[in-house]
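Going by the order they are written in, the chains are A, B, C and D; count residues from 1 in each one.
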């Protein structure tokens, strides 16, 4: 079985494992106060071009929950696309820390500034708005859960609406590397840092064993973040493990290099489907591609490849999701292309 | 600087790093559904001698919060020694999931059955008990935060009182290896499994990069634990990392072997203090020892060694904490002994 | 200004005020342990024909939050129509106690058994269901926020689906009296008691100063409810105030009598609109009616009457909501009818 | 049975019931937006001599929970005496909204500035303070649960320490009337308003059917309080009921007059015990007195009077609590004095 079902099917990039071994016997203080962590933070601050606070956490649900718990008062909610990870795939983590996810209908995984404006104005214009959660934050993902991208213009529009409506803007970048490496992308990490109040750079799906780098640029929400990391179970005792991994990923551009590889692999697969005139469920901008196949075609591919059946399109066809990653090999892609051609 | 300040100052036992490398390119499903995780669970179930549910989480605060959130209804609280980790060192994690920690005064880090009985009866006999959190669970640590041990008899007494008062018994085993390896210990892991409703076997402080193995033996509290792990941000995407580590620790007794080493190192330090007739703050049963030193003695040692100043004893003296671990070398212990002798 | 904007614009039925005065100097124990409260509970148990636990709380949001916090584990959510009070008008009270409201699209304020079945099966059939809140409860209102009614058959169907899918069924009866008095109603309070796990009988909107009578029929969820009432700030010190009010409402059928009056008043208004061939937004079964008016018509009526503008229908027309209640006078209805005729 | 067991054993002062009847048929908007509520707020603002936000809630637990949830971020805790109402008698309401109550040992129900300073400095000086809840607020009661009073000087000292340590100061005034009327009191309501960030004036125990008037003087914590009242189930639909009651209490000084009566009744009882040389558990400054009696004496009094047995003093004696209130009659006090004389 060749797996294209997710971008976390293997361990870590070998450079990371190598460095973890090399540094294993260093005796270091805990909870992210070691020099590797400091160095990694400096790399990321430099990359972002702003005086941000950087924190490392183990996973995405943990990061989302901690960021949101840190930023909102009890009566405030977070606007998100109904396809957003916090809306549907975190077992109510946001609600479990007391906040409503205010869902807006997505288009290809995205929401736009006009929708946010309308929601916020709808709240404030309602004379009974005190009877509803107050929208205080917008959560989006780059790339989205559908593998699509926000353009720089779309992000600027969202920023403007957020500022006008006193909303924070947060970007979940669990797969950020794959956005940055996409041929369709026009938003740099510096753009993100200047447009968001907080975002994170995903490691788990981009070559690390685990880890997300949270970048807080808004001074108002910087204080006391480490208290809340600890409270939510997210302050790793051997914080060095996160520091070392992000040090490796960002000291010489490894993060960007391996992201680019994944995008190339995905691009080759997308081309193969295109040659067969197979329709896509969403634009294939990043490392996730969503071809629409017949049940027979799905059966054929499932005999050799692991992937997710994403959504029923009509009685005869379903969208599937194929994921490439930093670890995808050309051989595996060649094999799959050859089988696509035979469909 | 030679560090004796904690048992998580180095990475992991080399066997663990080696296995992580060897298995790095295996393509495996996520969230702990891989075969390494299954194998590790089987080892632990076998060791415990009961048909337990086993789950792996990254850290102790996360494990405590998730277990307690899973077991208690909203109006119920957890009895704990006032020195317990959940009482003082988790930034209110338990309160953040809605439950009061009902603190009982500790003696050398421990509470006894009589105290629990008295607390529980005090609750139920109070005609206004509905105005107080209902005690539903007892949380203790083995070994305790003071490095002491519950005897088998003490645990049996606690179990009996818990059963009589409809209380769950939970044991935080963040340093469990060091309890099991102690010369003063008379409680096996099978004893624990038969006496508790839930406990966990700490990896972070006993040779793993990170990880705690939660063992749930009470059938009533088994259902749906994975939902709650996910909700609390504790279901690791690459769950294999936990499975592989515990596989290595338990396939050939490595966990017990490296625990024993730490205990020997601590024992040698304790003997050195004893020879100098230096008093201990608490019995030196495990890998944490708490000699009481003068400020001058502390200054001398701090020039070469890292350790925690634990508590002021009187105007001239303080208890310090020295930690050994699986990674403590004989050379470092020799160096410290030589300096102890010169105090 | 004559107010038709809600059913809580006046104080209480005069019988209630009279009884509060008569009993004012009785010296009684607090927190709902007095004899009036016991008597009121007995009346309600008798009315329901089951051995239910009855509790009185001050308001609806408080009742909803307390009931749901009492019944669900941390990872469980409550299915509700997207028009439900807990979904949109309680400032995230349910999320603030940790649970996601799982919204289903309403038709005239209602959801049906097939929708619930589909949602529940969708959850359990999804291989990643542990990554989503577990549906454990269905919340509906009788009458609904749109003034419509569930038929007995619809409730039986929901009960059946709930039982099949291990879901609790809860009915918010903030306006229950107006449902029971409706000409379109075929569900008795005994039916409700036998079909739900928990429901409540609203007093605030049906003649009381305040108060909701919670009826718990499922033995599994009876224990410890008073603890949770206290924790959520809902155990009234002078609990007698609730007991006395419900004693008055149920000792001689006052609750049903004044509900019937409100329905008659609403019916007369509905007929007046019908005569003018004015369309309704939802069937006018209870004390809330939703005529669709032009902006000009709205302006005319707003000069003399208070009511809510409910929803924009098209560029020229909006639905408004008119509420009658136990306190609506024939004179006020006559005045409004006369003005409707002139529209 | 003559009841001295609490100050909420009767309904309301007759002036309140009378006014509720007189205003019963007024048609008013809901949720505290009516003119009576506005008038009551103006009376209280005037009394306090500051531009405060005033809100009315039904009960004390609800008020405490709502105020604290409104003011603290998730990682912050509230310092309170271990005898404080939030520490022991609200079924963990504060923990249920996520915050730890940081208990300090009380003396006669009070804590002092030095204790608070020591606690706060202990937190900030601990290098691991991020692993503990951050103290952000001090909660005290005036009068205390033991019926004692803070002097103006003590409150000024607490204010100073709070300001120095960036802590809010909150005063629970569930029985505030009885403090203000005490012969031992030197703190006016204007003093309180200038020294606290928030406090409340209790109505439930001082002549109202129910109700607490929350006074927020710190501009930083004023925004959005009504959202949180709604979320916590504390925004009364017929808010007029609170407004009207506080209007009556404060339009002509009724609140102070009836408080004074209760104090006189308590003073007469205290004198009777004094004449018999019966020791007091705590100074008898307010409407709660705590004589220490033998078991035989308790048995004798219990045959005719209801009161609480408060605490065991030694094997032969217990402190009891007797409460007077606005509703205590001279006849009942005479009867009890006569029986005290016979002890």
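Note that a contact is a pair of C-beta atoms (placed from the backbone, for glycine too) under 8 Å apart; a residue touches a chain by one contact, two chains touch by 3 or more.
Predicted, not measured: the structure shown is a model, and the values here were computed from it.
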Note, CA centroid farthest from chain C's centroid sits on chain B
When A-C and C-D are ranked by contacting C-beta pairs, first comes C-D
Per the C-alpha centroid definition, the whole-Å distance linking chain A and chain C comes out as 42
The distance between the C-alpha centres of chain C and chain D, rounded to whole Å, is 34
Residues of chain D that touch two or more other chains sit at 74-75, 90-92, 96-98, 130-131, 133, 227-228, 230-231, 235
Given the complex, residues on chain A that touch chain B span 1-3, 5-6, 8-12, 14, 17, 20-21, 23-30, 58-63, 65-66, 90-93, 96-97, 204-205, 209-210, 227-228, 230-238, 240-241, 327
In the complex, the residues of chain B that touch chain D are 74-75, 77, 88-92, 95-101, 128, 130-133
Listed in rising order, chain D residues that touch chain A in their complex are 69-70, 73-75, 97-98, 130-131, 133-134, 224, 226-228, 230-231, 235
